[in-house]
Structure formats: structure tokens, C-alpha cells
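A, B, C and D are the chain letters, set down in written order, and residue numbers restart from 1 in every chain.
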């Protein structure tokens, strides 16, 4: 019988012919630790009795949630991280370059076929380049740092096919939100999502990142895309035959197959306070809003900012509404400056913050209070995620978010 | 792994996410002990203060969905919760809980049957008993039992590294 | 006996012919600025404590959210919401996320000859445009909001006659820190500090704002500068006309007169924890830093960013140092972007933030931790001002701050 | 009689109440953080009727009215210093917190000594000595007598 992409990646890593449900030990290609968890990882690592990293080159430490510190104790995380870097000879460290998930592929740490783990649930993002990546806790990370290995259960795969051409102003964010709504917040728990179809092939790697990033919101272990020429360009590599062959076999065993016709899809929002509470934007038109947030590892990339800038061109953010734009990385920020995107957004009245997690991680960047409503392009609208439990969070695409900012209420892009 | 205990039940709903279990703003507090009072605060601000060691959480589906923050199972463990019974668990939470030696049990029916404040009896890897009715539970895979029996992943690794 | 600039502005605002230091006058205020530091308390008093709540002239009011921007906690969000809702209900001119209040006031509102209350101590910055700006608390602010007027004790004036020009690599900030170091943290308490002389004409508007802004750190009630061509050009560029241009009479009485030769000023640093703890920068060389901050109402203008960018171009921020670059307003941000300065900072590894008060005020992103050291172009280095109570803040010019960010320890730009 | 809490020169408004607290919704929520960086126990030790005695330039720095506000909310009866920074001085009077200039007191008392303030007479008694305070300007005395600026405004209305 044939294999799904994820079975192929795990199979090649372990040298075994694997099937869903097998418990196997994999050799890890990359790990990512971010600032919130480095003190815990460092503690556990030493508590476990390790004295050296299994391979310092494969470890990436990224400060993003706490940069710059909004509470005085936050800087302790930098001090602990810096000490860990020195002590164990870590070379890959980013102290203010942007969001971890953006940097892992942008800076070339994760390539097609890799197996990568990170101390963050949105580690699923790296599936955008055809890697198997998933989030783990800091204790598990400490053991991977020492051993370079991790046991996993080979996941079942759900195949999602999107064929055709997406209508104007319908983005990959609408695709993944719609899918999460259909699957439910736990509809893919322990499973892998494999994306294919002509609409997926037409997407940029950045758009695929949005989808892979949010796979976790359906409970998925990971999400994967077949590496293609766009992937090769993005990663700055020439694809090998092995990498090119990372596609689902026709006779692979899928636990479920879901097909969408792209032209049927419409702009949607995840309504408070579940990610799977999906409704078409047109049903929500007119709901007043206080703030709009465009950013995060889900939708803080150049194409997202360009899309927002195009929609806001010649317009202004509505009075008494704030539009906060947080580019996902230093590189994106600079590119968006170079091509005039940030200037256009600023001209429209956007507040452009430094690259990082910003509002999405709920520690700074535009926290809200009781009775306020925000349209946001990030990945979670959980209760209390961006302030008090009486803040209403609507998740949307950058196109929808930008249109809402100009209107001061929910509108279709 | 065989063990029997009983405890008072706290009932929670479906999709209890990690931001509910411990909100992001408290994650940078120095220790899990410092975070304890804020557990479940977005949903039930008083709950953490009411829980006692040995209590049991019974929840609906997808318990622990959301982020990979390990403080979520840790804070539950720090509150003295003996085990969490849920219809289903989110996967990162599941791994993290096992790695920290927090027992999780999947059961589809108990949630509908219990009322907060009830007492249930748990026989690990066998069944839960409530009001005279028993609810069978599945055995854990061997590799997880190994970690749980070692008392969590840290202890398992210490053993591997010849420290314990 | 003639009158000082301060006395003339007060006389004009009081509708009388002469005023002398020590007189208490009831004055009509031209403009009332308030920011998110205290406006929530003003609103509470307005709603709860007034017998007849009213606003004398809503056109005078300018409200600005700048201190915690964007917001970092639900409590702060609540204070912002209260301010936003009130401004919307009453039609008050309202800025949120546009930049630091004093910079916005100078760009968009302040006119020479005006008497302005601001619920912020650095309101004295408006003297750079020949306006009498002074900081008040929220109760004084509320009284003025309700009545359009207030009482004011006419201050004595210390006059600083400036001659010569600042040497290359020395900035207005070095000058004002030197002055504060000389006269002390209460050396001008209750007084006006007036700057005049041919040396003044050599200073840019940005220099002048820097100087006036910091005068409160010597205790001054206000700072004042004559309006010359440089100031008139700035006004014209920003589309405004003066209310009135005053100068001190030749026979005006000054409490003290200092003659300062700008060419003798050298780079200085104010050491923790007092603004008047000023020493030559070379005495602090080698102090290890954790963070550097280029921004604030004192030093976050385009001129300051140009200085910083020139210092750092082609270099990198030291690995473990956080270098925050925070333009003072949207206007500055956009210009700095257009000139490529922001890219220079980004390329070097700096963290370019949205216009706001940032770490200068110490309660939003950028705070420093226990035992950490910050070198800053902000306004104050009080104990705990920028974060943990056991942390250290050094104040210096944009050149010194940027050079220190590159080296990871306090250093002057000429030695880089 | 009240207890004296004695502070040095140039106590700035950030020491009286730090920036991270001043956007709290009400003064009552901030008051427990008064003097946190100088003496974290101050707010719990000070009793209504106690006094603050300081050297020169008390209250320098920002215009935050929260500074005199938290002292008043904690029940501090008056602040006596050799000199005050002007915005703090004006703010205190405006909210009805007596701020009294007395050049001699500071050097004659220690922390936790007791003192008595005779407002009408403009006198302070402490350690068996009597000290004369500097008189407030009439304008300010009037505001203080009426219970603060808002009370005086309401009276005019």
C-alpha cells in the first residue's frame, strides 16, 4: 500500500515502513525554543542530568513573545537564554528578528522532509515547506536537546483537496477557517492534514504557512504540503527527487478525504470564543468594532501587509478605531518598507509595531478590555486571549480585517 | 500499573483550552506555585482556590486544546488534582501531562453522569465507579506507562543519565 | 520696569497691562492637553465630583493616548477606553497611537504667545515655539476644562544668554543636561527658564524642543525662547500663525543671568538616579549596558534619528543589547522611513517601535529588569523609572546612546 | 499626634507612585504601591494621621496627581518639607492634602518620631520643640480651606 506524505517523512527518517498507529523513535532535524519557555527548558535539561546538547547546530533559540519586555521580570528570560547560549555553545539565536515560526523557515532552518519540533503549538507551520513539525512541551524539549530523539505515534492523515481558483479577496485564511469550522476544534486530533489540489498549488508558500499554522486549531498534529518549485525558491534550494516525491501516493490510506471547490469559498470569520465557530462575513456585516490587528505567525507576512495596504489605499482607518499592524519578522518589515507597503499603511492611520508576536500572545501590543471587540488575523480567539474574558475576538483574513478597519465595523472585503 | 483512589469531582465543559487553564499573562511568573491561583481564571476565577489535593477534574471533549504551554498540566498537578477524566484530550496537552506524571483518563460517558461535588473511584487502567455504576477505561500504551511510572519524563531521563 | 517673556504672556492671558514675578493672576487658557497618564482620573472627577459638569470650550482640549501604546494590560485598556468614549461623546480632539503628546502638540497645535496647561510635566517643551506651557495635575486640569481659566503665580525668570555654536558631535541635549547639572534639580523651581542670544539662532527646532522639554528637570514652571525665523519656518511648514510673539524687555528683571558659550559644551551623561547628576561622558566609558533607547518627546525627532542612523550605519547592535528606536510621532516615523533611517536601524538589529513614550515612562514595552542598565535619550533617570526598582538609567544624547548600543557599553560616538 | 515617615531630598514622583501603577482605574487600587521602590513596607505601615517629613525638592518629576493622591488616600495628614517641587505642591493643595514648608523640622526629627500639627497656628510640635511653618499664599490657603480645588469650584457654581 502507498503512503501519505507524513508516512514518507517518518519512514525515511526511521528507515522503516511505517503505518498509522506505529510508535517509532525519530531523529530530530531541528528544534525551536522561544523566550517564554527557555528558562523551563534550561532547568529541566540540567535536572535531567544532561551536560551537552546533542547537536548545537540543530537548536534554534528565538526571543519573540517578550521583545521588548513589558514586565520587569520578563528580562529574566533573556538572561537565562543568554546564559544557556554561552554555556552550551548555541549558535542559532535571534533576539529581536521576529516570530519564531516565521524565522524557522524564513531563515532556512527547516527544509522539505525535515522533522522539527518546537515549544509552541503553532510549530505545525513548517509543514508549508513539506516538513513534519509539531509542538511539544518544555520537558519533552529538554529530553530532545539531550538525546536528539523523540518517540511519536505515526498519525493518520486527512487529505484535503482544494481545486479551482479562489474568488477575489478570499485567501488561504478563509480556507483554513472554513476547514476548522467543518472539522471542529478537535476534528483532527492526533492526525495529520495533507493539502493538495490546484488551488493549493497556486498558493504562495506564505499562504500555505497560514494554513499549516492553524492546523493545530483543529487539533492536528501537523499539516503538510508537497514541496514544489515555489518551495524550492522560498528555501533557496534545488529540490532533490526525494523531496519532489513527498506527495501522497494514489493508493495511500487516508482516514478521511475532504474536497472543496475554491470558487464556493467565501470570506469567513471565527466568532467568539471558539476557533471553530465559523460564519460567513456577510452574516456579520454591521457589527461595530474597536480595534483591528493584522499580524502574527498566521498572517503577518509581506503578502498579508500588501493585501491590507491595497484595500486601505486612499482610505483612512475609521475614527476611534485602532489598526495595529505587526509584521512577522524583521525581514518582512524591511521588505514592506522597501516596497512602500508600510508607508501606505501608516498613511491610512495604522499603528505599525516592531516585529514579534504582538497582540496575539496577549502580553502587549494592543490588549483590550470589557466590552471591546477586535477583528484579528491571528490564530486564536480564546476567552481572555487578548485581555479580559469580556473581549470579543473575531478571526479573519488580512483582506477582511483591513476592510473592517476602514469601515469601523464588520464588512466584507 | 494498578492503583485505586477516589476523589471529589469538579466538572468542566468541552474545549477547555490552555488559555483558560493558565492565561498567557501569568506564564512569566517565576514558578508554577505563583501561577496556581490563576488556573482556570478566565472561566471560573474562584475555582483554583476551591480545589483540594486529591480532587478529580471531569471534563468534556478536547481538554487542553490550544498552546503547548506545559504550565497547563503543571498547574493542574500543582493544585493537587489526582487525575483528569475527559471525553478526549488535545494531543500536546496529553503528552505534556504524561511527561509531568499527571494521569489522564479518556472516558466518553462519565461526564454526562456526574455532578460537581460527587465522589468517584478510579481503578487505573480498569474502571471508574460512580453511584454504583462502573465506567470501563482503556489501558495506556506501554511507553507512556513507563514514563508515568518513572514519575515523569525528567525522572525517566535522570535514570537514563545514571543519576537516579 | 520692563517685563519678561513669561510676564508678558501671563499679562496677555490675564487681560492686564503689566504683571511682575510674584503676582497671582487669573488667566484664560488657550489650550489644554491631557494624556493617558491621568485623564481617566479627570473623567472620574468630572462625572462624580462636579456640581455642574461642563466644558467651557471643547476646542481648547486635546487628548492624546501615548504612554501605553499599544496597550499592554486590561486595566490600561480600560483607562484608554474611558478616555476614548468621553472624547467621542464630547467632541474632543483625540489622538491615539499618533505619537508622544508634546511632539503632536508642537506639530499640530501650539502657537507662539499661547498659555497652555498640559497634564504632563514636560509641557514646558512648548517654549520652543514661544508659548508658555506648564504641567499641571488632573484637578487643575479639570478646573481649567470647566472654567477655561486658572490662577497662576507669575514666575521669576532665569535667563540664559547663548553665544557661539555647539561643536561637532555635541548636541542640544548635552547643553541642557549641562545646565541642569550646573543649577541642580530644583535650581529653577517655580521659575521660568528663558533662552536667548545669538547662539539660539544656530539651534534647530528639534534642539530647542529638547532644551525646553527638559527644563522641568531643574524644577522650572516653564521654558521660553524668542520666536525667530527658524521657529516661524516651522510654524509655516505646519500651517499655523502665531498668536503673539513676545520678547523680554531690555530692562526686564531676571532672577539670574547665565552666559553660556555653546562651543564650550561637551558630551555629558546624567548618571543614576538624578537628572542633575551630570558628568562628562568620558567618565562613564565602559559601563556595561543591557538596553539603549533612542526616542521620547525629548529626543525622538527626525534630527535625532538622523544622528543615530549616521552613527550606526554599517554597524551592528551589540549581540545581547536591546536597542529601541522609537520615533516621537507619525510624522517623524514616516519621514524617517522615507529617508531610509528606519531601514538603517533595522539592518543594524535595532527594534523600531511605533511612536509612543516607550521605556522613557517605564510602564510599557521596553522595561528593564533587576540589575539591568539602560542608556536613554528619555527625560528621566529616577530610580525605577524605566522598570525594576533596582535598575540603572543613564541619560545621554542620541549619538552617545547609539554608539553605546553598538559597543554594548557606554561610549561616545567619536571613539567608535 | 501622628508618626513621622522621614524621606531624603529629591524624592521624585516615580518613587511616590511608579509608572506601572498610575493607569490603574482608581487611586485606591494604586495606593498600596506608594513608595514601593524606596520602602515597600510603607503603605502597610502608615496609619491615617501620620506625616511625611522630607528634605528639599519633595515631589519633583512628573505632574502625576496620583502622587499626592495616594498619600491622601493612605490617610497621610500632611507633608512637611524644606521645599517642594512646584507641580506636586500645587496638586496637593488642589486635592486638599496640606503641604507645609518648614525649614527646621527635618533636621530635628527622626523616622518614626511623633509630631503634632497645629494648622491654624502654623506650628509643629515634635520632640518637645515647636517649629514655625511658612505661611501658604492666600490663594492656596483658600483652596485648602475649602477642601480642594473642585470643592471650591462647586462652591462658586
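A few points about this structure:
Just so we're on the same page, contacts are C-beta pairs under 8 Å (C-beta built on N, C-alpha and C of every residue); 3 or more make two chains touch, one makes a residue touch a chain.
Please read these numbers as outputs of a predicted model, since none were measured by experiment.
Listed by label, the chains that touch subunit A and also subunit B number zero. Among the remaining chains, none touches subunit B as well as subunit D. Among the remaining chains, the Cα-based centre furthest from that of subunit C is the centre of B. Rounded to whole angstrom, the centroid-to-centroid distance between subunit C and subunit D, based on C-alpha atoms, equals 27 Å. If each chain is reduced to the centroid of its CA atoms, subunit B and subunit C end up 54 Å from each other. Measuring from the averaged C-alpha position of subunit A to that of subunit C gives a distance of 41 Å.
Shared contact sites, meaning residues of subunit C that touch two or more other chains, fall at 73, 75-76, 78, 367. Counting partner chains per residue, subunit B shows two or more touched chains at residues 25.
Shared interface positions of subunit D, defined as residues touching 2 or more other chains, are absent. If the chains shown are joined wherever they touch, the resulting network is a simple chain of contacts running from one end to the other without closing. The set of touching chain pairs reads A-B, A-C, C-D, using the touch definition from the header.
Across the complex, subunit B is touched by residues 23, 36-37, 40, 44, 47-50, 66, 71, 73-74, 76-77, 118-121, 123, 134-140, 142-143, 146, 151, 185-186, 189-190, 216, 219, 221, 274, 361-363, 380, 382-385, 389 of subunit A.
Only residues 24, 36-38, 40-41, 44-45, 49-52, 67-68, 75-76, 78-79, 118-121, 123, 135-140, 142-143, 146-147, 151, 153, 185-186, 189-190, 216, 219, 221, 274, 361-363, 367, 380, 382-385, 389 of subunit C touch subunit D when the two sit together in their complex. Residue ranges of subunit B in contact with subunit A, taken from their complex: 15, 17, 19-20, 23-25, 27-30, 41-43, 61-62, 65-70, 73, 88-92, 95-96, 99-100, 141, 143, 152-154, 157-158, 161-163. Here subunit A touches subunit C in the complex through residues 67-76, 78-79, 82, 95-96, 290, 319-320, 322, 324, 330, 333-334, 337-338, 342-343, 346-347, 351-354, 359, 363-372, 387-388, 391, going by the rule given at the top.
Of all residues in subunit C, those touching subunit A in their complex are 69-78, 80-81, 84, 87-88, 94, 96-97, 290-291, 319-320, 322, 324, 330, 333-334, 337-338, 342-343, 346-347, 349, 351-354, 359, 364-370, 372, 387-388, 391.
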